[in-house]
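What follows is a set of structures for review.
One chain, chain A, links the two complexes that follow: it is found with chain B in the first and with chain C in the second.
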Partner chain A sequence: MIEKGKIGVRQFTVLVLMYTLGTAVIILPSLTASYAHANAWITMVIAMLIGIGIVFMLNCVISIDWKKNLFELSEHILGKWVGKAVSVLFLTYILLLTATNLRQIGEFITTQVTVETPIQFVMFIFMMTSLIGVRLGLEVIGRTSEIFFPYAFTSLILLLILVAPEADFRNVQPVLQEDIGGTFLAVIPTLTTPYLELFIFLAIFPYVHRFKPAKKAFYIGVIIGSVILTLITLMCLAVLGPDFTARQIFPSYILGKKISLANFLERIEILVAIAWFFTIFFKITLNFYVLNLGMSHFFNLKSTKTLSTPLAFIIIIMGIILFTDIIYYNEFVAYYAPYYSATIGILLPMLLLLVGFIRKKKKKSKVG
Partner chain B sequence: MFKVIVVVLIAVVVFLLDFATVKKSKSKKDKKVYIAFFILALSIVVLHVMEVNIPTPIEGIKQIYQPVAEPIRKSLEKYL
Partner chain C sequence: MVNQLMQKKIKSICVIIILTVLLSGCWDARELSDIAIATALGVDKEGDQILVSAQILNPGEIAGNTISTRTAVSTYQAKGSTFFEAIRKLTTIAPRRIYLAHLRMIILGEEFARGGVADVLDFISRDHEMRTDFNFAIARENTAENVVQVLTPLEKIPANKIFGNLQAAEESWAGVSAVKLDELIASMTSKGKEASVTGLWVIGDPEFGTQLENVEASLSPTEIKTDFIGVFKNDRFVDWLNEEQSKTLNRIKNKVKNTISWVPCDDGGKVAIEVFKTHANVSGSMKKGIPKINVDVKSEANVGDVACALNLTKPKELRKLESKFEKSIEEEMKTSIKKIQEMGTDVFGFGEVIHRASPKEWKKVKGQWNEIFANELEVKVNVKIKIRRTGTINQSFLKEIEEKRKQGE
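Here is the complex of A and B:
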């Protein structure tokens, strides 16, 4: 085993929760509201139910042999060459995913916070923090997540509480009367972030201290994250209105701008930004870590740190060249990314599960 | 040209600082793969600095999933 560190069950829960919230918390309300309009929160609930199903499937996959991570598992189940080929598919996806996440945070900072700073510079700074995280190993990432989790979580809860007086629930009525088809079809793009990306936790599972509580922790993290996502979408719809939510690129950030308490507590939208910085930092770091882990398994290297520096620079440049502008990005995320993510996030784990199951049965019949 | 020289100089510094950690692992394979990836990363950065148009892999993914994506895209766009 290349990685020798171990993380606790609570750290694993926090990491899953942060991973579910990262990116999704700020871009998902606009994506769902574009198609489901006033019913966007129902779309989120349906996506959450399907997401729990995906978690169940992933838990089944790791139960085949929980001492092996995703890349070892695919080689173990599918044989050396096919397993390596499947690993390449996983790794390409994770590379593109990390680059996309990095681009999203860069895009957010350059459009909302520091408008004049070149995007390359913002992405460079974020990537360097993640690089330090990966260099220090999984244990340090786990402990850091425990430290920063309260800040991210409280600022999201504070956002929900403080913005509540502005809510006008006539905006979300009538429930499920119009755009019913859109409500159900919008589940497809909604699933991409975060549910179809959860498969990367198959690579983290073997390093969790105890296995059975970790399976439960996976459910808990995803459920709490999805509930927060649903509540934020509901608040966006109630406060900003469905059309305004759909037109914004970062609606939860605009939601933060609406906070106004007794003409005193105003313009604290940076609360949302804080929550987002922390969650996306852990998302990028985990993705980058799994990418390094997979690369070192693929090339049979001695340490996960070996390739981290060159990969960091590749990711920065990838983040810039992947999408020409935000329109192109939105089009890709809404119409094409779901199928690519589904291939990697559902189809390949299913394949592993099926082949693993058949192999187990054959072994049993041979012994019997 | 000035930018390229600066990038290469920075790359040399990064290489000198970073290669020490790889050297510690005392594995020949680690060193070989590291150098290959470093050259790849450096060439991508240099191409980007020289403003060469690198084609995005996103176009390829779009082409592959076109048959599945197009019908659902049409029905989704009805609800925009």
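Here is the complex of A and C:
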């Protein structure tokens, strides 16, 4: 085994939760509202239900042999060569995903927070932090997530509570009367982030202390994350209105700007940014970690650290050249990413499950 | 061994130096002395160009202890083909770059507002420095530049005076409404609602208002007054509501916190009440293509001002007074709604009520809602008033004075 560290079940839950919130908390409200309008929160609920189904499927895959991570598993089930080929598909996807996430946090900071700082700089600093995390290993990542989780979580809950007085629920009425097509259609891009990206946890599973509670933790993390996502979408709709939400690029940040308690507690939208910094940091770090892990398996290296530094720089460059502009990026997320993610996040794990199941049966019949 | 330790030390020093350079976080730091804080923006049209007048704070005048003869704010103006260009062009005359995050008011000239304000709103919601917590107002029968330039007493910063003025008048007078960016855009884009923005009057000579002399007098010859509400059709300003209509609009939009209204007494004179709690419930329905709206207003009030011989010791009298007020307010609201219907713009948002109540029927009419609102919509108004208290005294002494006068005759 390349990774010798172990993480606890609670750390695993926190990581799943942070990963679910990651990019979704700041981009999903606008994405869903632009298709589903006032019903965007229903889209989120539907996506959550399907997401739980995806988690169930992933849990089945890892149950084939939970001592092996995603890459070992694919070689184990599909044989050395096909397995390696499938690993390459996983790895390219994770590479692109990490670069995209890095670009997202860069875009956010350069449009909303520090406008004149070059995006390359923001991305560089974020990636370096992740690099340090990966070089220190999974155990450290797990522990850090436990430390930072309360900050991210309280910021989001505070946002929900403080903005509640501004909510006008007439904005979300009539419920499910219009744009019904859009409501269901929007589920597809909503699934992409975060649910179709959850397969990367198949690579983390073997390093969790106990397997059975970890399976449950996977559900808990995803469900809590989805509920927060749904509530934030609902608040965006109720406070800003569906139209205004759809027009914003980062609506939950604008939601933070609406906080105004007694003309005193104001201008604290950076609360949202803090929550997002933490969640997306762990998303990038986990993606990057799994990428390193997979690469080491692919090239038969001894340590996850070997390729980490060059990979970090490749990701920074990729993040810059992947998307020419923000409109191209939005189109990619809404129209093209779902198919790619569905192939990697559902089809491939299904393939593993199916082949693994058939092999098990064959083995049994042979023994019998 | 020693060598290794040295190496480690050198390494960590290098890291610290790199970190201080990278993490200082002052890439685009701008000190207070480098920025010009804009508190109000006035937007006018000049030919096919946009004229922006920015009211800039003069920090030394506000924070300093020394009294000088300079004004607390200065106005800079620039013209441009677009709003954004005009704002950037301000730097050609202002000594510093304009900083917009502390903006309190955006004032639209009436002429400009008649021509449509959507382009300006787009920049305002696109720019990252702009927040959403400032108010909009229209310069009534005037240009925005004139309003922006008027100096005000009591509040050194005129924008703050207008902002506070709006807040206070909204809370205790109810004839104005403080509208913020998201509400404005939401009502301009909604098919069942039109926007409404408060008006600003310049009383007196606007030219004189720009001079420091204006604030040196106890009664400033030139003042800014907030009153009445202007209504929009799409993004174009159409007409002004009068006082009753403005109040009615605010009542229906549930924006009334505190207001007064009066009725004549039976034997001459007037009695006024202070309404301190108002809740309007607007419900609607659409059956067989006929839209109907029901407005239920429930208010609680105190007797505030009795200028006639009124017996306030009997509950019966109070009930009579209540129904009198109910009728008067109902009448006022009904005629106001009729008048606004004639204007043909649904500032109440009745369309949205119909939309929520019967979404299927709404689909058929949403294209021509403003015509239906003007011609076919039936609005029923029902007012309930509960008078709770009579202030610090019960019976008015006016009765005694009246009797004494009669005896004298």
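We adopt the following convention: the second predicted complex is superposed on the first by the 368 of 368 C-alpha atoms of A that agree within 3 Å, B and C clash if a C-alpha of one lies under 4 Å from a C-alpha of the other, contacts with A are read in each partner's own complex, and residues count from 1 in each chain.
To be clear about the criterion, contacts are C-beta pairs under 8 Å (C-beta built on N, C-alpha and C of every residue); 3 or more make two chains touch, one makes a residue touch a chain.
All figures in this text were calculated on a predicted structure; none of them were measured in a lab.
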*asked:* Contacts for A:Q112 in the overlay, against chain B (first) and chain C (second): which applies, first, second, both or neither?
replied: second
*Touch check for A:F121: first (chain B), second (chain C), both, or neither?*
second
*Using the superposition on chain A described above, determine whether A:D168 touches chain B (first), chain C (second), both, or neither.*
neither
*Who does A:Q177 touch here: chain B (first), chain C (second), both, or neither?*
second
_Once chain A of both complexes is superposed, is A:Y340 in touch with chain B (first), chain C (second), both, or neither?_
first
*Report the partner of chain A that touches more of its residues: chain B or chain C.*
B
*Which holds for A:L96: it touches chain B only (first), chain C only (second), both, or neither?*
first
*Using the superposition on A, tell me which residues of chain A are in contact with chain B and, in the other complex, with chain C.*
none
*Touching chain A in the complex: which residues of chain B?*
14, 18, 21-22, 25, 27, 29-30, 33-34, 37-38, 40-42, 44-45, 48, 54, 56-58, 61-62, 64-65, 68-69, 72-73, 75-76, 78-80
_Partner chain B, residues of chain A touching it in the complex_ = 34-37, 96, 179, 181-182, 185-186, 188-189, 299-303, 305-307, 309-311, 313-314, 317, 320-324, 328, 332, 334-336, 339-340
*Which of the residues in chain C come into contact with chain A in the complex?*
22-23, 25, 27-28, 125, 128, 131-133, 182, 185-186, 189-190, 352, 355-356, 359-360, 363
*chain C partner contacts - residues on chain A that touch it in the complex*: 111-112, 114-118, 121, 125, 170, 173-174, 177-178, 240-241, 243-244, 247, 254, 257-258, 260, 266-267
